[in-house]
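Note that the chains are named A, B, C and D in the order they appear, and that numbering of residues resets to 1 at the start of each chain.
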Amino acid sequence: MKKAIQILACEQAIKTMIAPHSRVMVGGFGLRGYPEALVEALVDSGIGELTIISNDLGSPGVGLGKLLTNNQLKGLVGNYYNWNPEVAYAYNEGKITVDLLPQGTFAEGIRAAGAGIPAFYTLAGVGTELAKGKETRKIGERDYVLEYSISGDVALVKAHKADELGNLVYYKTARNFNPLMAMACKHVIAQVDEIVPTGALDPECIVTPHIFVDVLVVNGGKAR
Amino acid sequence: MKKAIQILACEQAIKTMIAPHSRVMVGGFGLRGYPEALVEALVDSGIGELTIISNDLGSPGVGLGKLLTNNQLKGLVGNYYNWNPEVAYAYNEGKITVDLLPQGTFAEGIRAAGAGIPAFYTLAGVGTELAKGKETRKIGERDYVLEYSISGDVALVKAHKADELGNLVYYKTARNFNPLMAMACKHVIAQVDEIVPTGALDPECIVTPHIFVDVLVVNGGKAR
Amino acid sequence: MIQINEETAKERIARRIAAEFDSSENRFVLNLGVGIPTMVADYVKNPNVYIQAENGMLGVGPLAAEGQGDWQLINAGRQIVTQTQGCSFFDSSMSFGMIRGGHVDATVLGAFEVDEQANIANWIIPNGKQLGVGGAMDLVSGANRVIVAIQHQDRKGVSKIKHTCSLPITGFHEADMIVTEYAVFCYENEQLVLKEYAPEVSLDDVRSMTEANFVVSPLVKVMEVSV
Amino acid sequence: MIQINEETAKERIARRIAAEFDSSENRFVLNLGVGIPTMVADYVKNPNVYIQAENGMLGVGPLAAEGQGDWQLINAGRQIVTQTQGCSFFDSSMSFGMIRGGHVDATVLGAFEVDEQANIANWIIPNGKQLGVGGAMDLVSGANRVIVAIQHQDRKGVSKIKHTCSLPITGFHEADMIVTEYAVFCYENEQLVLKEYAPEVSLDDVRSMTEANFVVSPLVKVMEVSV
């Protein structure tokens, strides 16, 4: 059950829905397909002790990277921080926790949370350091590792268009984790390029049905 | 690795890809969204000892129901045979095996097979007769049952349009299990209403990428 | 005590359940089972209620007019339905992802039996002529609220609201509300509580037609009925 | 023995790997890792090869021309790419469903080390400046064929093809082929087998620059090179 969709300014959306210690999922992959304006507002808010659940953490001082530079992070759940070496430094110094998962396990874990699957088995990582302390199990001929669903308090997603109800469609490889995260969090703020009238999106092509979305914010959608 | 997409007549497609004892997945829900012409050809082929993996088994003597009337079945994996009481009779008399699963578990098991997830946990059915002999496990506050992926040899799916490469889109609630089954089987035959030039389908809206599809058959797509 | 005929009973149950959602100012996702539950759709007037069909649709509209409609567009009861503005279509794994994932606010389903422990038996009569479970087990465990829509007694006058279900269970401790043509019950603090009863019957009538023990809510009232 | 410079080495490795797919008459799904593997795309001429990017795309085209292209359309190495006719976009769970589900025919990836047991170490140097695994573990376990694209030795002249990897393993017994600027190896019957070596080097040269033990294929031949 969600309230009627709200269209808010970024600052307002962030302040209403995120608090210190929130677990925040953020869509995107390598500085593309992430909600830039929402991330900027999160940085500006100064809200701290956040756990950020995302593919990567942008670059040093860019995008989600600013949250680290700005000391707003308690922990990370994700898979690829090679684009932002500050993550390794902060982790090695014990400043933040990092829960590193294979990218497919990360994606599936988020999907699982949205789809009511608490745990699943996967081949990825069996026998490696990333499976240390995790249960493994032989199913058929091979060994698999048990992985758990990954949920969050708030998802910040980037979509291409929303209709007035809140249905979302995405843009090319800017889709990435966004639709999965929209299902895995209690609250969802979607930054969109454009809001179109209800009925203007093809019902066959809607990727995220509106019932997952709480708040829309509109950006210019310009390339930077 | 699949050969270049083939466009075949139904009879030829069925005879090339299905043999006695095949595990055949068939899309559809309640006589809608199933590949009528392919099912008809499967009935006409007389191939026996089949295991059919499908939501339901049509109605008595209608659609997939004909396979039972025609004694072509060894077993069923599915979830809802109330529309075809002949299934219960055949099962009660020991003529066929029936592996009955909650519909969500059935859908998720098929998706899991396609997505390389050998097993997963779900709430559905915990403590009931359908969970008898299955492992249960407490995760967080609740008990869940372990369910396994469901794969097949050949999927017979109904799509709306294909492009010449074999990419598929579906039609409204005729989508149902079809895209899941197309990923869960070694071979896939898709009955489509129309084949359009490659490039004519919106890349954002393709539901089944062509690499899952072996053979296309074209029907008139008429309402019956 | 007046006997309510079957058609009236079904309509009354459907209307009473629909009224539950009248006041929702929030977007409310509703899944309807086969039978009486499907009829609920006819009486839901609140535009904030979005009906989900587990065969892959959110935003199910009214049934198509007889002989009209799109033959491939059906609900889970195989009825040809219409679509609403802003509806969406998806595959069955997404559909049950919604259901299991807690994104469906209420499900309304029929039952053979329901009992004091909020157990529901609605999927099979062993060795009968039906073999099927459908989405019932996913729905009772996944939906946030489970409303059982049943006639109070079977055709022989036997209560369907039992001390303990005798048929195989669909879901344990999952029912939140029971609506019959004669009464509305909720489960509160692990007790079955009578909240409303029909104008045709007395409290004693309800007691005599109900096998299960129940307590009477201090706020018990007469069911509002239009049929 | 001629030393091959880094740029030439990389191009040669990419070209040799691309040649593996030249003859496929079947539709072939190829996933390319960051670095040399991405360069493979430039040399694949077979239209039956479809490149999958794990960030959600099947049918990746060539890199966009400098300053051109769609800034939001990237491959997994964050390069702006083009799209081919018949390509499709999807979310990351679908993408890794393809990968884990065995629908990707080959993956080409770089590595720090690869060893006699076909173990690959390519994800981390402990306590270093990088912390990331990406899709490598999913890819090595899920793709049907795993091709390691590496320069034969590091900058200090130390073999990257080891008896036993010393760095944390990405996947055990997963490598099927190794292509360097000097040699092509395959794993056959749990042995590392030299299949080809470059025209600039002798068999003894390959032995001396390779830490791992390997057997020489009876059909060993000189690598076809254009650079």
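Going forward, a contact is a pair of C-beta atoms (placed from the backbone, for glycine too) under 8 Å apart; a residue touches a chain by one contact, two chains touch by 3 or more.
Since the structure is predicted, the reported quantities are computational estimates derived from the model, not experimental observations.
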Under the touch definition above, the chains in contact with both chain B and chain C are A
From the centre of chain B, which other chain's Cα mean sits the farthest off? D
What is the distance in Å between the mean C-alpha positions of chain A and chain B? 33
Using mean CA coordinates as chain centres, what's the chain A-chain C distance in Å? 36
Give, as an integer number of Å, the spacing between the C-alpha centres of chain D and chain C. 56
Per-residue multi-chain contacts in chain C, two or more chains: 83, 89-90, 93, 96-97, 99-100, 142
Any chance you could list the residues of chain B touching two or more other chains? 108, 111, 115-117, 122-123, 170-172, 203-204
Going by the touch definition at the top, which pairs of chains touch each other? A-B, A-C, A-D, B-C, B-D
Residue numbers on chain A that touch chain D, as the complex places them: 29-33, 55-56, 79-83, 85, 87-89, 91-92, 98, 100-105, 107-108, 110-111, 122-130, 170-180, 207, 223
Spell out the residues on chain B that touch chain D in their complex, using ranges where they run on. 1-5, 111, 113-117, 163-165, 167, 183, 198-199, 201, 203-204, 206, 209-212
Residue ranges of chain D touching chain A (in the complex, touch as defined): 53-57, 70-76, 78, 83, 89-93, 95-97, 99-100, 124, 127-138, 141-142, 168-172
Where on chain A does chain B make contact in their complex? 108, 112, 115-123, 139-140, 142, 144, 148, 169-172, 202-205
Quick one: which bits of chain C touch chain A in the complex? Just the residue numbers, please. 24-29, 48, 50, 58-59, 83, 85-90, 93-94, 96-103, 105, 142, 144
